[in-house]
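Chains: A, B, C and D, in written order; residue numbering restarts at 1 for each.
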Amino acid sequence: MEHSVAFIGLGAMGYRMAAHLPSTFKDVRVWNRSFEKAEAHSAQYGTRAVSLQDALQADFIFSCLPTSKEVESIIYSNNIKTGAIWIDCTSGVPESAKNLARYLEEKNVAFLDAPVSGQTIGAENATLTFMIGGQREAFDRAQAPIQCMGKLIQYVGESGAGFTVKAVNNTLLAAHLWAAAESFSLLKQQGVNLEAALACINASSGKSGVTENILAQRILNQSFPKTFALALLAKDTGIATDLAREQRLPIPMLALTQQFMQAAHVSDQDNSDFSAAVKLYEYMSNIKLEQ
Amino acid sequence: MEHSVAFIGLGAMGYRMAAHLPSTFKDVRVWNRSFEKAEAHSAQYGTRAVSLQDALQADFIFSCLPTSKEVESIIYSNNIKTGAIWIDCTSGVPESAKNLARYLEEKNVAFLDAPVSGQTIGAENATLTFMIGGQREAFDRAQAPIQCMGKLIQYVGESGAGFTVKAVNNTLLAAHLWAAAESFSLLKQQGVNLEAALACINASSGKSGVTENILAQRILNQSFPKTFALALLAKDTGIATDLAREQRLPIPMLALTQQFMQAAHVSDQDNSDFSAAVKLYEYMSNIKLEQ
Amino acid sequence: MEHSVAFIGLGAMGYRMAAHLPSTFKDVRVWNRSFEKAEAHSAQYGTRAVSLQDALQADFIFSCLPTSKEVESIIYSNNIKTGAIWIDCTSGVPESAKNLARYLEEKNVAFLDAPVSGQTIGAENATLTFMIGGQREAFDRAQAPIQCMGKLIQYVGESGAGFTVKAVNNTLLAAHLWAAAESFSLLKQQGVNLEAALACINASSGKSGVTENILAQRILNQSFPKTFALALLAKDTGIATDLAREQRLPIPMLALTQQFMQAAHVSDQDNSDFSAAVKLYEYMSNIKLEQ
Amino acid sequence: MEHSVAFIGLGAMGYRMAAHLPSTFKDVRVWNRSFEKAEAHSAQYGTRAVSLQDALQADFIFSCLPTSKEVESIIYSNNIKTGAIWIDCTSGVPESAKNLARYLEEKNVAFLDAPVSGQTIGAENATLTFMIGGQREAFDRAQAPIQCMGKLIQYVGESGAGFTVKAVNNTLLAAHLWAAAESFSLLKQQGVNLEAALACINASSGKSGVTENILAQRILNQSFPKTFALALLAKDTGIATDLAREQRLPIPMLALTQQFMQAAHVSDQDNSDFSAAVKLYEYMSNIKLEQ
């Protein structure tokens, strides 16, 4: 396609995501704060390592940064191509998305909050889920580049709705994680075969993404591979509970979940994977959660 | 097969489960407290409606009753065939299973606690999950009749382990249900499209059996079909938390879940489906949880 | 004394508090949004009903308003006497106090956040507790007018510290209230004499301000007199949990308390007294909390 | 008085309590499992160290033992004087009190569950609170010996009611303790002067027995003197939550309190004082709760 595409932020997710763009687009620009990463990407995938200013002159601009703050600092202090569509894949703050969309609209730039799920494996295989908020018309126009990377591309509502769904998804993840930790510690203490119990639950009504994909792979083997930081999960649960707080919506179970994630993060010394939140529970229960 | 099989308790589950036995066994006996159900079953599926005493002389005796109390009252006051295997599909109490297994062992009868999951549709299609505790040798010998009804047939540990896994599964179900209610109320309040959000979450790390099979089908359409009583879910969560209490294991999130199920049950006027637990949350949040 | 004093906000608390000033100060000015109240006060206590501008030219300016927002709107849009000390008795937001103190300091006006406790009876008898944040030097200079109204006048730290202590106090009140509701419902259900149990607890380690002063007087007699709104208690618990959230401090029990207060407020139809928070628990437990 | 009195169990409480009896009664018998304590008491206070059988022939028999189990094992395996009144000051289980009262009634012995509060200082000064369940007539007849030791002697209901009130009191203590730990960690983190804040709260609506008598004396100075074991507080909170569970009463906040006490006990390595429950919170919050 003739349109130019830029990708800003080549972390574990962004690096893999941007790799799919050259198959469809001729002009793919990449930028990263530590520029060697951009140059490596360029060498590996035939993209073009450019200056931030050049990246911001593309027709489609993707960003995938740690938090909304980094996105804001770029947008609020640089010129962006008139008519461009900005697709922000950060797990960001809904309020920030609303502000950015309003700010950019005046400059005739569309902003979509478009966080993704599917982890690095989904980024690698271009099977990510995109949950997207913003103007429907911009969503429609941005299909081509997004489809290079995603499998389920879902419009969920106005600006901020994408970030909201992501924050809620991750808060459910956290709740399911903690509930699973308590449940399997109980099963262990009762002398139940954990592997067998897990097979039953995964074939029953109590299953979750955590019992299917996290418990055996990361926790019961005590591996806790560092792919998604506990600090970020604590942050995401905070985004969800902040939304509820602003709206005066009581959410007792999610609030407790947020507290436990916060406590797990605060008492964590190792910048651990999110799955290591269960270590706080291991301390509280004095039971090691392994098979 | 030459062995005789009996099925005691022809409720919504048992009636459908027992229907699969005649295809493998010639001598299939059924008994129910209101005897017309046994006679109907006999007429419909070619089983034999018998007296309780005759049922207890079968080689394999299945039971599927509301609680452990009903199972105990039959076993403790009747004679059972020497050498029989009792397979109890009730969602029962682990302690009761241990006592019954010990009591029956002295009479040379094996007792398996073998609760099932998969609901009435699984019973109908013989695709139930059986989670089974007791002596491994009895588990092995009972494969033939169980395989008539189940898809995943899993040995999980000694007597009581089956009931324990079932109680834990249902407590996870309850936790996921309440967390989903809070989450989707928050999404609704934020103006997010609930159907689209559900699609995203079901393709992401926050999914659960509840988001996949319960939320749209029972709650967001406010149908709450009565298939599994809230009273029973409250009971099952109580079985799990009682186990933890006996062992002095702290389980704060599951305990809170049990409290909410208890409160939902206590404030329910309609003997509702388990999914209607969310009505308590609707009261607390003043938000109707519908699309 | 020769110094002039002004009192802004003649609600249930302010009206009674300002009444004590004329015994010590000659020039006491009062202002209220609905001006008749100021005139009534003037007639009743010999104060002087003045314009807002005149009030802001006093040496000591007290304010007692519903929330920090009302205080901000006055301060940020009016001229205040150079060298004055502003003593804000509102139950306000610590962040707001810090901002106001910084803003006023540039205008050579000192700002003390000085919330009070003791309710209307304490205001009437001049036995209020003042918990005060801000510059120690201003605290010392403001002793004379504060001592007209207070019994315990406590310096607790820098700007915002007063509001923080008040918010924490009220969150403890809310936690104790909910815990007492659960406790006495349990006692009632067990057939215990509630009055006798209350006497025991008030002589024991489980006592609290709630068991001593709230339970019998407001709840067990189901009177719920409207003196301190549930909406305001919900607000105050929110101020405390917001502080913890900003600092990433996990506070699971206070967070749950805040959620219950929020839910009690949201499900309350009658703009009730704070003590009526227990009505949500009555709904959840299906027990009427009366003797 | 001519009546004989026995005291069984000379622990930290019982030793001091029994010391007050000789001033009113001539025949005071004491018994303890490690008999040297009884002999020391006899030498110090003029009581009579006797065999268990002799103790059980007194007109009034007090017991003060760790749990209901020890009381049961004595009562169910010994003869007791016909017409005696047994006054059990243990912090026991209500169900056990009901069973013991029924069992002893057939032997013409009255049983009062009469737990005390006031700690060792109250035992020393004879200012204990007695919360008493059982037959009113026995309560009336037992006034003389109880008044030797107590200040508030309160009849609270039928058998078990005394133990129930004690369990609820201690659960409130635990809830207030945990809430205070969170509150003062928040205040510390905000830079508030803790001593000053405590003075304010103790003069305000958020006060409790914990803020008045525990926080400064045991926690903020990190002394945690071993006077009442955390293990026992965890036990008592369990008694209260078990009662609620049996009656199907939801008590979410007290249940969470019980879970935290359980977790604090389980993760405690030092057989600590109850006040050291806050050490679990210190771990969760990464803040040392000291001035």
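The rule is short, and it goes like this: contacts are C-beta pairs under 8 Å (C-beta built on N, C-alpha and C of every residue); 3 or more make two chains touch, one makes a residue touch a chain.
Note that the structure is a prediction, hence the values are computed from the model and not measured.
Student: Name the chain whose C-alpha centroid is farthest from the C-alpha centroid of chain A.
Tutor: Checked the centroid distances; the maximum from chain A is D.
Student: Could you tell me which pair, A-D or C-D, is linked by more C-beta pairs in contact?
Tutor: Between the two chain pairs, C-D has more contacting C-beta pairs.
Student: Starting from the mean Cα coordinates of chain C and chain D, work out the distance between those two points in Å.
Tutor: From the centre of chain C to the centre of chain D is 36 Å.
Student: Using the average of all C-alpha atoms in each chain as its centre, how far is it in Å between chain A and chain D?
Tutor: 52
Student: Got the chain D residues that touch at least 2 other chains?
Tutor: Where chain D meets two or more other chains at a single residue, that happens at 249-252, 256, 260, 263, 266, 284-285.
Student: For the complex, which residues does chain D have touching chain C?
Tutor: 94, 117-119, 129, 131, 133, 151-152, 154-158, 160-161, 164-165, 168-173, 175-176, 178-180, 182-183, 185-187, 189-193, 196-197, 199-201, 203-211, 213-214, 240, 243-244, 247, 249-254, 256-257, 260, 284-285, 287
Student: If we count contacts the way the header does, which residues on chain C are in touch with chain B in the complex?
Tutor: 252, 263, 266-267, 280, 283-286
Student: Taking the complex as given, what residues does chain A use to touch chain C?
Tutor: 234, 238, 241-242, 245, 248-252, 255-256, 258-260, 262-263, 265-266
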